[in-house]
């Protein structure tokens, strides 16, 4: 029964695809959390996508790009994301689905992308298993393990023997903790303490005190961006843990450019591993950040905007390669193994897992020209997502 | 030992913010879930004063209390007054509506991200007591303010003429009017007091709890727990309840982290079942 | 209306047959209004044509329509508890979530038959409802608000902690739904899903309507209107409240299961505070105390929400807040209240 | 011949903290009696009724209904055993029609209060019984009116209708004529007087001439304790009763 249905859908798509690709615009449906707790995710990704179209033009492979944005607030409700995606496919007849600020929305829409045979470009959701949920998914942001493994191997190589891990008690937190522990203990390090703090946690005092008592070399941290991170960083400094020489290490989404101001000086000295920093030295990044500030003076470019920017670039490159043909299988074939230089550095799409392969940089948070930046001083080139090895 | 100290500081912060709710709920029998919005307002006004107008932190606090009190009076005169007789359900829905409005207004003016708040030098950092116990200066500052306010409020409610008039108007507005008490004026002042305290609590809390448009909804539960456990309208009850909850939460997280959030919710539900009127509250008069 | 002649009243209290008083004169009394209260009115038939018409008028919006139907069932479940028995709840999503997870886990482990999923979800939610109902019996409105809120928050925490089972924040995936009754597979366009949801809503609504018009329903109204009088009539109030709370929980569980099955995904959001708060808003908007109030409230709220968030995705919550404040201050009886007032005025002016 | 008692209490005590509301009350109401309970305000009459109906738990002592001890039984269980009451202050279903309220009471008595399948309208026997009751209390004309729209006097009749719907063996009337204009209270008492002897009535009433015309036995309650109990003629001449009432009047 299933095969017959797929054949009909294929022929339907092919005929529509064939005659449409010459003139009609390419409709891209963006499913993003534009309001609610994760509103800043949606805003940054939208900035990235629109910035690409503004700077590189909006016609590729002979077809003009048309964006349709749907707000799947609060972002963690899979049923809302799936309903909006279904509307985009059936009502707005989009050719490509993109966006997905959080993992639940990506997971919910994946089966739909398979059934409707629509390419699905994930621009932020970071859980490793996302690309396995549908053969039509390509990810241009990052994966959690891809960022937590390098900081672990860096720590082991740099005289950090005893690490205390503190993560937020939710899915992504468990993944980051698991990956860090696996890589760090394999490289000879020991975990001297583990804590999973409740997600809504107005006060870190007890945990900070516990860390201070165990006196580790470093603390590996994974918290959702926002109030919790600020409270922790301030407490870390205020209770004299940084003064006591305990090094704070974590993945780069903690000192995200969006909240660096709010973190203030408590973020100084933080060492993180990430795939993008505003301070990354490359002509592409210089052009990108200048264009970003011109278009959005009130905000700062961060990894989510680059996820959107590169997602749009991938679509543009594929359209050029397939001469405007958005047939799902042709699209994915064209995307596999694609390479380009992104504002973050050289990137490519892993032909097997359709996930992004990129440099992961080790950076330290310092004041550059009066402004807090994550300055890169080391990197691991073309790092694949260890989560799927 | 510092766990107890942190618990007390955190408890007092909870008290500062929720005492306003205890006032509006207990003395005026109004379930004001929008109380968090007044605290958020206080936080944003404080950030505004510090960043844009360079007002020092300590000077900003009274202004913040005044600002949120004024907004409280404005809303009380226009909207809240119509709902004094309404059922708790109506009051809850009304205040949830207010929270939605406050959240999107804050989002519109201040954007979605966290608001930075730089504490003045003398309030940050650590203070090393002889016994090797290092105490956060800001936490000490919070405890002092919390206790001062608690006793001032208790004295005001129990000791002054205004306090007596207030309690009379709530117990029996008709009788109070009969005695010539201008009940409306008393309610306005009480509401202003309640929202002013909330604003102050909000501003003081920014450093520890952070501040973003979701603040009003995120911490609603904590304020309600303090009032429910402490018994509405009872300053002493709210103080003791917030201290117990503060220490319980902190100790819970220190010793048995994975249980963490369950502690607070379980304590709340158990308390409500066995002592519906709260630890010290009067038996529900109405 | 023919006046139903009254058969000689059986053992009239206090009038022993032996007393020899003449048989009670035939009472020309018409019990009509009460006797026909449960009969289906033409307006109701018209109402139930709406979903059929909507199927043809909005073929591309079936997924939105399905979610309106699911929320309508969820609103009916709260109306049974709040509108009829007067129990205030700010944590009704607890049962919705339990139903969703039950159906989701069932389907994930191979029992993908939808109708079976509904039954299991209803039973699981009813069980949770029964266990927590004793917490709700004591205390006044405020305590009930807080207790129900506390229970739903605890379930939310539990769902987040048991990531291995529920998938935690990332949600429960890998749900494979088998065709409904083995015949109708869930299709891309959501046709089967929509029809399936409408049928389930109608059956559950029909049952709720029957219950509401039964002596049990009347006794619930009695409890809501005067909880002191009922024991004096020999009614076991606590047993009735436990009964309706469990029934409401079962209804909410079935609604949760419908969502899990039609979207083949369960996110932790099914247990969130927002869902309970929004449901309360929907019910008050529609007008508590009438099942159609729950349905109308859902339709108006979800459509307004969909259109508003379409217009400006970032600030639709602002208008939602304004709407809520307006309804509470000025239109307290909600849409049903306004409709009743209209019909009364219309009937008044006509008669 | 030993008189059988419908309702008895032995050494009933109720203390609220220090205050003794019911002080060692032993009351025996004969089956079929028209027993009145009189006493000045604050004598503890309503507390006593609340103890009899189970609304309040006694501090000590016991309550017996038709020979069966019911002290620990919940309120609704005592009603099932034939003990019905009216309230001093109306406790009615404001938004329900009169017929609905009485039908609800009849359904509860018939034990179909929890039946959820057949609509109320289908239980024609229950509706007929309710209608007959309304006819008996001359409320038939307002059967479909909402309770809250009726005059206070009519609402008092509904209180009695609801109590009668319980087919009580013992009926507790807590100042049934309170707040009813004198004209209507005469009619009210006619209806009560017509009730058959199977129904034992314990009446609490202030209006002396109503009590003396209605009751065949009177107990006088003063500050929670029974001062005396006797036939109306003896009570009428008993100086202590006069003193208690006059005393109350004299001291003001």
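List of remarks:
Letters are used for the chains, namely A, B, C and D, taken in the order the chains are written, and counting of residues starts over at 1 for each.
The rule is simple: a residue touches a chain if its C-beta (ideal position, glycine included) is under 8 Å from a C-beta of that chain, and two chains touch if they have at least 3 such contacts.
Values in this document were obtained by computation on a predicted structure and should not be read as measured data.
Note: the chain lying farthest from chain B is D, by mean C-alpha position. A summary of chain positions shows that the Cα centroid lying nearest the centre of all protein Cα atoms is that of chain C. Averaged C-alpha coordinates give centres for chain A and chain B that are 37 Å from one another.
Distance between chain centres (mean CA atoms), chain C to chain D: 39 Å.
Annotation for chain C: residues 157, 161, 314-315, 317 touch two or more other chains. Shared contact sites, meaning residues of chain B that touch two or more other chains, fall at 104, 107, 258, 261.
Multi-chain contact residues of chain D (touching two or more other chains): none found. Taken together, the chains touch in the following pairs: A-B, A-C, B-C, C-D.
Looking at the complex, you find that chain A touches chain B at residues 35-37, 39-40, 43, 169, 195-198, 200-203, 205-207, 209-210, 226-228, 230-231, 234, 238-240, 258-259, 261-264, 298. Within the complex, the chain D residues that touch chain C are 53, 55, 74-76, 79-80, 84-85, 87, 91-97, 99-100, 103-105, 107-109, 112-129, 131-133, 135-136, 140, 143-144, 162-167, 195-196, 198-199.
The residues of chain C lying in touch with chain A in their complex are 60-64, 67, 157, 160-161, 163, 167-171, 173, 185, 188-190, 259, 263-269, 272, 274, 309, 313-317.
Touching chain C in their complex are the following residues of chain B: 25, 31, 79, 82-83, 86-90, 92-94, 96-105, 107-108, 217, 221, 224-225, 228, 232, 258, 261-262, 265-266, 268-269, 272-273, 276, 284, 286.
Those residues of chain C whose C-beta lies close enough to touch chain B in the complex are 82, 88, 90, 135, 138-143, 145-147, 149-151, 153-154, 157, 161, 273, 277, 280-281, 284, 314-315, 317-318, 320-325, 327-329, 332.
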